[in-house]
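Two complexes, one shared chain (subunit A), two partners (subunit B, subunit C).
Coming up: the complex of A and B.
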């Protein structure tokens, strides 16, 4: 029988037995998130309020235990994994929507609130919470803030950082700070902007004041089916170049259709090479005018078929095919490795060609479903981890695809964060001096070394032996040459 | 001294053919989309009690990484098997099947506490499979209620002091104020429209005692729509509770008896095998899977399962006559988990309700979230069940509905317990009802108006 460590006993003392998970078999379910990396925590603590978070951090500090914040564990870069063990602080029990202010269009929420739950609450006031990651049914606002989450509809509205006004933050030394302001424009440094996207490395957010946006009065979703990825990519470039900012502009390719169609019956033809989903919203007249213009542009690239839906149910049906895409890949292969690269939109056609070429060379099926309008690619390599060497191959191919994005003038993450997964690629886009500056910023928040260690910064930058061997392998292969 | 090898030393933790399928376990990509759909994750706030977490535990057992401790068993036991996670799952992981397989192993390996095993054998082997004994118990309940003993017990809180568990059972007991249903009644109601189909009605173990009027309404509704209904006498409990609990051998035995009773080899198959209890319906549709390795029955089980229809599903499939009597009432509809998540029947009951003149359907925010009934869960996991119910009742009461209707007897019992516990309005909500009873009410009001 395992006996609790002094750390565990102190945590239990602070927040109660039923809020602390420490038995081996239970820890097993906290070793993963939505991707293929693993981390082994020593203990999970589940605070009920800010005061609990403060005590937990102080106890962790006493034992010099690493602290890793976790929301719903749906992340895609290993951000919520306990890379160096220690304490996972699970924020999922702090899930109250404290206030919705329809006049000022804001909501005050705890970090464990599920993205979609905030969305449905806002809907009662005719408002919406704009960032809508595909995992929105489960992911939390706290996790969204940590990763600066995006989503199909952030093309027009911007990612999470554009929607957070103020934060209550518990710092690494256990101080509670409010940063930001409920007005839109705060004098001084944009501290909220520093915290959003910091991947849990500077503190734990315990409350957030977020912006809500008006729900559009009219929405039109267009579906264009193309016989080649290049035609579809060119159509994307043309829409973007036209000056119209669609609410969403998404592409899914043939492999994705093959996964989605049998499960969701979205009506995507199985022999089509690419499908574009374009949404315009706003007042009726604007939707009418912009919709017609977008249709004109899409038609120029000779789609096999162009459909348009304004009925909410029909629209939701079309979107189901996009939002359910990732999970549906399990239909084809048991494992996937989802990449998150971003490239200038004009580079899309060439980079996509490159992605297919790399996947073929590594003998890996690849499915693409992504935010084309943002140039945010999500190539998804499919494999079976039980096949010897498959994981190696996937990580190698992934590294090469990331390199391709960087070489095309892009970057290694659009919205999933760097996390554990891509930290060793950071030198591809930043110099040592850049990274040192970032570390000074992190240090400005307090003694943060034990806060989500091994994330963002490459191995050798404050994280002991634990690291991502495969990424190391990539560095050896392609050289640590900084892109800038 | 020799030490007995632990199960971890042998090749596999699984001991029977009913084990969770490794390929199906592999379908889970731990994306976490299921978390927020899971009532126990929502209630307990730990991933060990989430669908993704329980699958990780099953895999951990499968890989030999963890021991099957009482703690692991508890996480399995705390699952409601509502299968809301299957609706949320983009990879279509057959979670319900995996959980049943895990429970089958747990049952075969005697992983329950002794008291629970004794209780199970007493009730599930000694009572439910025997319609006669069930009826006897029903008369006992009637007596208990008619003599005023139940009222007294509830008023004094005596039972709660003696045994909280018994008090829970008491609060969940149906009101046995109607004559029990007998299977002979069904074929005595002759179709009033030209006969276009022949159906067998599964009356079940508890429904004839707890909700006999639902059966009467079902038969009236179908005969009016040209479906000749009979309820074969030799039928027994469908075995859903047994299978959900992992007692698959008992479930198989009951399934074989029902296949013989409803679809004897000597007769043609009925056009439909009708069921008005969602939990039973979803299990009846699984008979093919349950008996897949039974050479004598596998084909018959498949044919049987293919004919099973939930009553709403079948009404919409064949097209039902528009009801004309006005039922001026605002109702809300609780999706039974085993109808919505397990059978994917969501619109049919709503189509039925919306066809009723005068009736307003006021939807809950989360109509397809479990009410906490979940078979015998409300008794064996009463604390979680009560909290899940409390949340459900908040949703029900916020709709402004005058009555709540659903499609499964367990949900009706649970919601009734919820109404008496949480509706502190002086104008207490009436007991819950089955959607088909509302349709029947409208038909009958229409008839009365036509005759008058």
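Coming up: the complex of A and C.
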């Protein structure tokens, strides 16, 4: 029988036995976040309020134990893994929507609130929470803030950073402070802008004041099926060039169609190469006119089929193939490795060709689903981790795809974060001076060496080395620097 | 005190050996005065390397530097503690990279907003930021000031359009943050940190911005109202009834008259409401009709519609922010929009005379001109506005007032972190020292 360490005993003392998880079999759930890397925490603590968070951080600091914040663990970049062990602070019990202010269009929430739950609550007031990651049924607002999450509907409304106004933050030294302001009128530096997207490396958000947007009175979703990815890409370019800003502009490719069709009965022909989803929303007359124009554009590129819906249920059906895509990949292979590259939108067709070429060269099936309007692509490399050498091939191919995005003038992550997974690639886009400056910003938030260690920046000491070696292969191949 | 007053120019002598274009003519240097402080020299950068060389020179000799763009807001903030060299960025005014179909553009910091908009208009695009004096205001300056304008309710502020930035740190190191893609979480968001930092962390030399397509239709309706209070109440009702409005502003008689003089011909010497909507023509009309119904229900009628002089009208109102700054004290209040009427009453009850009120009713922004105000009144107002989440800053005013009361207001809860940030980025404190929040 395992005996609790003094650290565990202190944590139990602070927040109660039921809120501390430390038996080996229970820790397994927290080892993983959907990437290839693993991390082994010593203990999980589940705070109920801000005071608990402060106590937990102070206890961890006393034992010099690393602290890793965690939301729903859907980030897919290893960001929520305890890379050096220590304490994972899981925010899932802090899941109350504290206030919705319909007149000022804001909501005050705890970090463990599930994205979709906030959306549903806002809907009662005729409002919406704009960022809507595909994992919105599970992912939490705290995690969204950490990763500056996007989603299909951020083409028109921007990402999480455009929707967070103020935060209660517990820094790595256990200090609590409110930063930001209801209308961004607090004089001083934009600390909220620094915390959003900092991947949980400068503190733990314990409350967030977020902006809500008016819910559109009408929505029209259009789905076009094309015989080639390039045809669909050209249609995307034409829609964007027309001056219309669609609410969403999404694409899935043939492999994804093959995965979703048998499970979700989407009615997609299995020999089609690409399915394009376009959504317009706003006042009714706008949606009617824009919808007609978008349909005209989509038709110019000779789709095999064009579907259109304004009814919520039918729209949901059109979306099913996109939103259920990741879940359905298991149909084809037991494991997937999802990348999160982002490129200037006009580079998408060429970069996609490159992705297919790399996947073929590494003998890996690849399913592409992406936010075509934003230039954010999510190639999913499919594999079976039980097959010897498969994981290595996947990581090598992943590195090559990331380099492809960088060379196209893009970046290594659009909405999932650098995390543990991509930290060795950060020098492909930033110089030592850039990264030193970022580290100095981190230092301003307190002594953070033990706070969510090994994330974002390369060369952490004692960090997990699984993905690291493969990153080194790619770095050896392409050189350590790019700085596009 | 400034070098100019003490006559200490020796430390600047070698500056002339480093740069061809050092200005030390005392008359011309007055153009770079900040709160009456005149620098000892001015360097007009013609390439980014000039900025790097100047900063490393300044760091070695402990010279304070204030960067200048169009100088439209040069007196914003507290009087500088020290000011040796002006760094003029207005010659860095080139487009670096523009691919219209990516809906992003990279420009140097000295490009004016007007020039940028002209460039974008040829491709049917624009940057949706209202900024006073856009013919002079530069992108670097707009980002350094970091404020949203009259349409911030729809479009936010510079931070929301910035996706990448190049800066030169206090010691001359060139760095960058963000990138050229609209969605990016690679590394910390340094562009957000620099937006609104008023030149205290580094010199912004290049920015990459997201863009929007120009709307098919852009419409404005102006209505006269009996009083500013009724205009404010009715515009609040319009903002609530028509959430897709792209602008909803209430003006006092004084503000309307000034805006008229600046080119807003639809406005007269009467309190007024301006409603703006854009999109496809039918949709914009529908949004305006919705807003007008709410305004009428609030007892205000007789719209004067214009679809021709939109930019001029709107810009004239935006320009009010920088009009007559010598003759008055300009206060800026930001608060949750629903609290606007209560905030306005607090100001009206405590200020002996107000010459002009402008309120963005959909976003809780108010600009208030008073002939004069004393430090105690400002402090009282801040205390009274605190519970409404109101933040009152002095946008411009006489030096005596700025010396008697902090223009930014008392340090907020984030001050400790802000001082830490400043210490990390500018440890010797040579960038715009003393101008920012809490003495930063």
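Here, the second predicted complex is superposed on the first by the 471 of 484 C-alpha atoms of A that agree within 3 Å, B and C clash if a C-alpha of one lies under 4 Å from a C-alpha of the other, contacts with A are read in each partner's own complex, and residues count from 1 in each chain.
Criterion: contacts are C-beta pairs under 8 Å (C-beta built on N, C-alpha and C of every residue); 3 or more make two chains touch, one makes a residue touch a chain.
Since the structure is predicted, the reported quantities are computational estimates derived from the model, not experimental observations.
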| item | value |
| --- | --- |
| Which of subunit B and subunit C A:188 touches, first, second, both or neither | second |
| Partner chain(s) touched by A:244 [first = subunit B, second = subunit C, both, neither] | second |
| Which of subunit B and subunit C A:28 touches, first, second, both or neither | first |
| Contacts of A:403 with subunit B and subunit C, given as first, second, both or neither | neither |
| Comparison of subunit B and subunit C by subunit A residues contacted | C |
| First, second, both or neither for A:46, with subunit B first and subunit C second | first |
| Partner chain in contact with A:220 - subunit B first, subunit C second, else both or neither | neither |
| Touching partner for A:84 - first (subunit B), second (subunit C), both, neither | neither |
| Which of subunit B and subunit C A:455 touches, first, second, both or neither | neither |
| Complex contacts: residues of subunit B adjacent to subunit A | 26-37, 45-48, 50, 52-53, 56-57, 60, 65-67, 69, 71-72, 88-93, 365 |
| Residues of subunit A touching subunit C in the complex | 101, 103-106, 147-148, 150, 154, 158-159, 161-162, 171, 175, 177-191, 193-194, 196-199, 214, 237, 240-245, 282-286, 289-290, 342-346, 371, 374-376, 409-418, 426, 429-431, 433-435, 437-438, 440-445, 456 |
| Subunit C - residues contacting subunit A, complex | 99-104, 124, 146, 148, 156-157, 159-160, 169, 173-177, 179-190, 192-193, 195-197, 201, 212-216, 240, 243-244, 279-280, 282-283, 286-287, 334-338, 363-365, 389, 391, 393, 408-409, 412-418, 420-421, 423-425, 436-438, 440 |
| Residues of subunit A touching subunit B in the complex | 21, 23-26, 28-30, 32-34, 44, 46, 72-74, 90, 92-93, 114, 116-117, 120, 135, 137-139, 263, 324-331, 334-336, 386 |
